[in-house]
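Before anything else, here is the set of structures, which you'll find just below.
In the two complexes below, chain A is the common chain; its partner is chain B in one and chain C in the other.
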Partner chain A sequence: MDKIVCTCGNVNPAGTELCESCGRPLNDETKEKKIVDMRYEGSARRSQTYNKTIIDKVWNFFSSVKVGMWIIVAILVAAAIGTILPQVFYVPATNETDIAAYYERIYGTFGTLYYQLGLSDLYSSWWFQGLVGMLGISLVIASLDRVIPLYKSLKKQKTKRHISFLKRQRVYGIGKADVSEESLLKAEEKLKELKYNVKREGNAILAERGRFSRWGPYVNHLGLIIFLFGVMLRALPGFYVDETMWLREGETLYVPETHGYFLESKEFIYETYSKEESKEVYGEAIDRVGTIAKNYQTDVALYKGPEGAVAGHTEDLTFEKEASIQVNKPIKFDNFSVFQMDFRLDELATMTFQLQDKQTQQSFGEFTIDLADPQPIYELNDGYKVEVMDYYADFTGFEEGVPQSQSPLPNNPAFLIKMYSPEFPKGETSFVMIKETVEPLGENQHKIAFQSVETRDVSGLTVRKDLTLPLLALGGLIFMIGVAQGAYWNHRRIWIQLLEDGQTVIAAHTNKNWLSVKRDLDKVTDVAHLPKYLDQQDIDSLEEKVDKVEGV
Partner chain B sequence: MAQSKKQRFYMRTAILAVLVVAIVFTVYSNLNKEKNAVLQVGDKAPDFVLVDMDGTERRLSDYKGQGVFLNFWGTWCKPCAKEMPAMDNQYAEFTDKGVQTLAINIGESDLKVNSFLNRYGLTFPIAIDRNKSVMESYNIDPLPTTFLVNPEGKIEKIIKGEMTEEDIANFMDQIKPS
Partner chain C sequence: MDMASLSSTLLFIAFVAYLIATFLFGGAVKSSNTQTTKSFDRWGKLAITVTILGFIANIGYFITRWIAAGHAPVSNLFEFTTAFGMMVVGAFILIYFIYKTPALGLFALPIAVLIIAYASMFPTEITPLIPALKSYWLTIHVITAAMGEAILAISAVAGFIYLLKNIDLTKKSKERFWIEAVMYVLVLVVGFVVSTLSFSLADYSAEYSYISKDETEHNIEYTMPALFGMNESVAITEGALDPLIEMPPLVNAKKLTTVVWSILIGSVIYLLLRLILRKRLATVLQPLTKKSNSQLMDEIGYRSVLIGFPVFTLGALIFAMIWAHEAWSRFWGWDPKEVWALITFLFYAVFLHLRLSKGWEGKKSAWIALIGFIIIMFNLIAVNLILAGLHSYA
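Showing the complex of A and B:
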């Protein structure tokens, strides 16, 4: 692999097709072509020149745009497959068996297969993330391999190019026109007027415009890489938090991942539109579906634990602020946002009972049990008292005589209670459930009579923190700048040369929008009386379709 | 020429290495994050302070130099109830050998926890994590989950699910100060 020395004296890297300086074709294949491939200025894409070590081979693999395309296709297909059934994240089950059962129950055999193949958690699978990573590698390497040689050859290009380069341009014309120094000056002036960057070297003119549009794709890739880097940062601790918490009215809980913040729910508010207030807008809909939600809101107070306090610390919380969290109006603190996401209405909070005589229904006093913190003893009047021996929040029945509770949530509260009265100083035992009472140790004279309940609402909140957002926005912005740069501008070049034999050559190249460069050229030839040009591709396609675009 | 080829080789190797490391790291940490966010074996056990049912303040860092058998539980959780008497036996066995036992209840009421420990006659310290901050900092799921904290205050092992008495004895032995 030696460097190629061109007749003009320029030393080109191995693999170069067109001399960086004068544009002479450097290999036979290029020489045989009627029109040269200008995509990378005939520069040596380094990926195609060395292929020796393993590293080179891996490098070349990722440098290929074809490979990059297939990676994109693979990601697209995989991402599409992930949308066929809901992902695990959206399935109302938390453990493996429940999730598997869910897929089978709802989607049958296909669901089971989907789950077993791991497609139900596709986006966090190692292979999907690996594919995205490979796309990242491909972006970096393919860009590096192209942008560097392209930059070099655009920088090195000479104003005066060899005739063998010019005649292989798509737009080309030659003729013994009546061209003098004066008309060259006129051409120069016109080109400047057309906002070209004009260079003159002897009898040669190079007019160039919009070269920066050639960097569009690479700017675009840079944006993508920044974006992917931002996504990558989410894996690092401290950059990204997405947690949920259930907060009951009156409860103060630690906010997950926040290192020392606590939220107290003052009230949950659920409002619906009334027919009177919005007859015009929602009247029909209310008739049809019953209720239409107007507001979901949790009024909270935010507290901060003392600096450097360890978990479990419940005292010395300092009040930070109060806020009403509504949908899309989170409470914000310290880069965290807490959003209103869900709710449960009317969870049992307190239950009020009376101690009564079973026969006469005479009351010996009332007591209220706070289900979050039941007390062992409730003293009533005249020597009557009630002892709560045990409490079952979510009572499911007896197992070998022992009452069972399946969760700590007060879905079906039951109490083991001893009733003390002057007649029964040793107490009567009663097992009190909703709408039912069991007397395990024989007939009682007294009973616990249910009076009323108070309920409270539960707010489902989402805790979010995303420090990668600015980076993602930056990546997106750069991406769009790159797109615009490459799409709305184009790189046009016009060469005009007076040859020694008295002929005049004109040639033009653009990376897109050939009509406009031809129009520019028309204006210049009109003023400067240059020879007529032809679009050689048009002629070609008329004659035969030989031209095969070289694969990338 | 040879020089530049070598340079290119090193350049390419370096770029590829950086990219591959970044990707492997991302995929690896994403996979781990789902299984067990934040805490891993070898990490420092997050400090906490809780008041136990006897009113004694229990602070994890006060146990430095001793092993701590840290168990998270709830009264409704059946495997928790099953392993607790066994834990109590082993607590009696190991407490003089420098292994302390601490059971943390997830936010239930005093009454419920008291009735539970009276029923099973438990003697080791039990504390209630009322605002669930200890649970959050240890990222507990499911119950029971047990953390073995070694005398240096580092997490030696994380056990999810029920343990037999033999397991418990082995685990306690594992964090015995030498």
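Showing the complex of A and C:
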């Protein structure tokens, strides 16, 4: 396409609407407008100029603000739909069948439909992520399409603008006021006082301030792009860790994914507010609500294992530090953070039994089973011993004579035990449960008598590494700078020209906040006695003025 | 007087001051022809003075309650909503000193009054902090987010004035219908306050037992006559009303009862007003907007979004993400409250783009500002009360 040569001699790129240098409208459409569109200074944007190849068409599609807005609206609506029912990750079920059953049980037919349409895991669906991806592309292309020509145009603008440009500004005034060189100087001085950057060229003044605010939108879009890029990085291995671990009091466990760190739980602390110990003003709330949690805390010791340490091998650990992990206060080490997320109180830790004679209840010795690590044989005195043949941590009953355990958690421990005694060197078999004993192979002479239990608390911890955070923080920071730049500053320009026919023209433009630029202009016209101006868009005031003239 | 009761007194003073200032702004609006008449000056100055005095009392409430509680008073629905109402007044004062428009006060203050009245219907006692809230980010995140939302709310007020002034209420139109719908919803909020207050003054209480969705039995206390019963509910209090309709376990019938009572009483109030005034409420209010400048209202609507949007983003998204990472181990978890903050952000982003690029000014812009306020209120009310999530502290 051809370049456009303006009457003033400036060569503009194809598609330019207002001459970059003098501001003359360059096509018929622009000439017909009463107020000229100043958004991109009438510069030639690629998307408005070329539309031939596929690349042009893709570029034009994504550079359109309209398309961008539709993408945002689609994301917005989808996001809202995703909040109607809880998403899968907030549902207390882990496998597909249970999840489906949960939605059906709690939310009925609607729940089933919601689940089957994939709305229960909407935010990780391909189409939602696709929309976010499209938004990212739109951000890049729409910004590039505008920022480059805008930059060139603002750089090239001449101090002296053509009258056809000035009269198409929203704030515009012309008159035969008695304006001399002196009043131009006064205007210049006043504008400088108002912190404008003033240029003079013959009888023309261009006063400008806050141009950098025009870059605000592009800076904040850059921030968003960096942010989205950071989010994408999480998918790469090594950048992101999200693990959970259940740590029992007294236990030392390998911290998953950390390459050699171990955590030992010294104690789990759960506190609630009591009326006696808390501030008096809390009394009413405690009375109404009942129990209010005050603190969840795991006191831990952090160890580092030798090179190549793996889970289960807790020898040769070097102590690193002690810490109290609380909600809002994770322990941090080597890019990892471990958070207090959950807990279970009073899980069974050990059970103590006696081997007794059923009739006389005479004891032949006591033994303690560590439920996390049951031993196969417990030796007692005088030739008595107990063999644990099988252990069912979470016993639920017999199925066709076979004992069942539904989980490895010691919620309801049961043992298949053989009792050896001098009388029965081959052993007697007994199935020991809490509060009950079954003798599967006939009547026994001895029995296992339950003595006591010890319990301990379990901490649910989340292990997190997120190397994308600095990038996300950078994106967020740049976004905020850009938004503030665009929102709290504005680009104001005031043109004052003495025309050859003796008339004086004033015009002003701002990208936002018209009240301020008008106030500036009022101050300048007061000192310099310039002609009155009109806001050509303020219909109310125009009408009011007409009313006054007509004497209403 | 101890801090806690001093705090309540100060809030009451602020509440009354805002009510008085509303009428004073009404006087200022009526007398302002051009903005320089003496009468306008007198009414306007008096109105803004009373507003500022009320605001100082309101800040006094905030500080004394902070001292009494030992943490920033933004930790439950009452506290947050009250703080939001206070900040709406703060935002109005800020905008008033830029633009000097009494009409804005006439409409912004009643909204703030309504918000504070609404807040007071929730349990108002000082609560200790649960572990998740024990962080200085509570103060930073919540206060910044509420400030952003309050400034954005001013945009809706300006939009509302713009629409009232510019919609032709003599002819039947969609616009006329919807602006009246806005009036109706505002009256429903009054209905909520009136119904809650009357039943609480009458000391109404009835206890029921019911079976919850996880099939366990619980008790629940109704403070309004039960229109809807919880799943398989049985009255414990003697002589308690049998609920008219029993709801499935998924629905919280107590909340539904409150909503329906509010709608019923609000509708009655609305109908009475219509009967007495013999006009649409919008038509009654329209003369109050006649003297405000449309261009200025449009600019205020836009400017307050410009001022509020960065504050909202910082408070409700960025600070929120930083805190979420400290408290819940991830900066983003698609919790309903998070999602609705994102929706609010996206919505105002659309507002700004449509205005900048598509030239959506005037009525279009004003309608979007109103919808934006509805989204903010939805996030404040519905997300906490209806959608389950991590932010349900009330």
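The rule we apply is simple: the second predicted complex is superposed on the first by the 509 of 552 C-alpha atoms of A that agree within 3 Å, B and C clash if a C-alpha of one lies under 4 Å from a C-alpha of the other, contacts with A are read in each partner's own complex, and residues count from 1 in each chain.
Here, a residue touches a chain if its C-beta (ideal position, glycine included) is under 8 Å from a C-beta of that chain, and two chains touch if they have at least 3 such contacts.
Just so we're clear, the structure is a prediction, and the values are computed from it rather than from any experiment.
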* Asked: Now for A:Ala311: first (chain B), second (chain C), both, or neither, which partner does it touch?
  -> first
* Asked: Is A:Gly460 contacted by the first partner chain B, the second partner chain C, both or neither?
  -> neither
* Report for A:Ser407: first if it touches chain B alone, second if chain C alone, otherwise both or neither. => first
* Asked: For A:Met232, is the partner it touches chain B (first), chain C (second), both, or none of the two (neither)?
  -> first
* To do: Determine, under the contact definition given at the top, whether A:Gly175 touches first (chain B), second (chain C), both, or neither.
  => neither
* State whether A:Gly365 touches chain B only (first), chain C only (second), both chains, or neither. => neither
* Asked: More residues of chain A in touch with chain C or with chain B?
  -> C
* Asked: Which chain A residues come up in both lists, the one for chain B and the one for chain C?
  -> none
* Show which residues of chain A lie in contact with chain C when the two form their complex. => 39, 65-66, 68-69, 72-73, 75-76, 79-80, 82-84, 86-87, 89-90, 106-108, 123, 217, 242, 273, 278-279, 281-282, 284-286, 288-289, 292-296, 326-330, 337, 339, 341, 462, 464, 466, 469, 472, 476, 479-480, 483-484, 487-488, 512-515, 535, 537-541
* Within the complex, which stretch of chain C touches chain A? -> 3-4, 68-70, 98-99, 123, 125-128, 130-132, 134-135, 137, 213, 248, 250, 293-296, 299, 302-303, 306-307, 309-310, 313-314, 318, 321, 325-331, 333-334, 336, 339-340, 342-343, 346-347, 349-350, 353-354, 356-358, 383, 387-389
* Can you check the complex and tell me which residues of chain A touch chain B? => 2-3, 46, 50, 53, 55-56, 58-59, 95, 124, 126, 129-130, 133-134, 136-137, 140-141, 144, 232, 235-237, 252-254, 256-257, 262, 310-314, 372-376, 388-391, 393-394, 405-408
* Structure fact -> So, in the complex, the side of chain B touching chain A is made of residues 1, 5, 8-9, 12-13, 15-16, 19-20, 22-23, 25-27, 29-31, 33-34, 38, 46-50, 59-61, 74-76, 106-112, 114-115, 127, 129-134, 136-137, 142
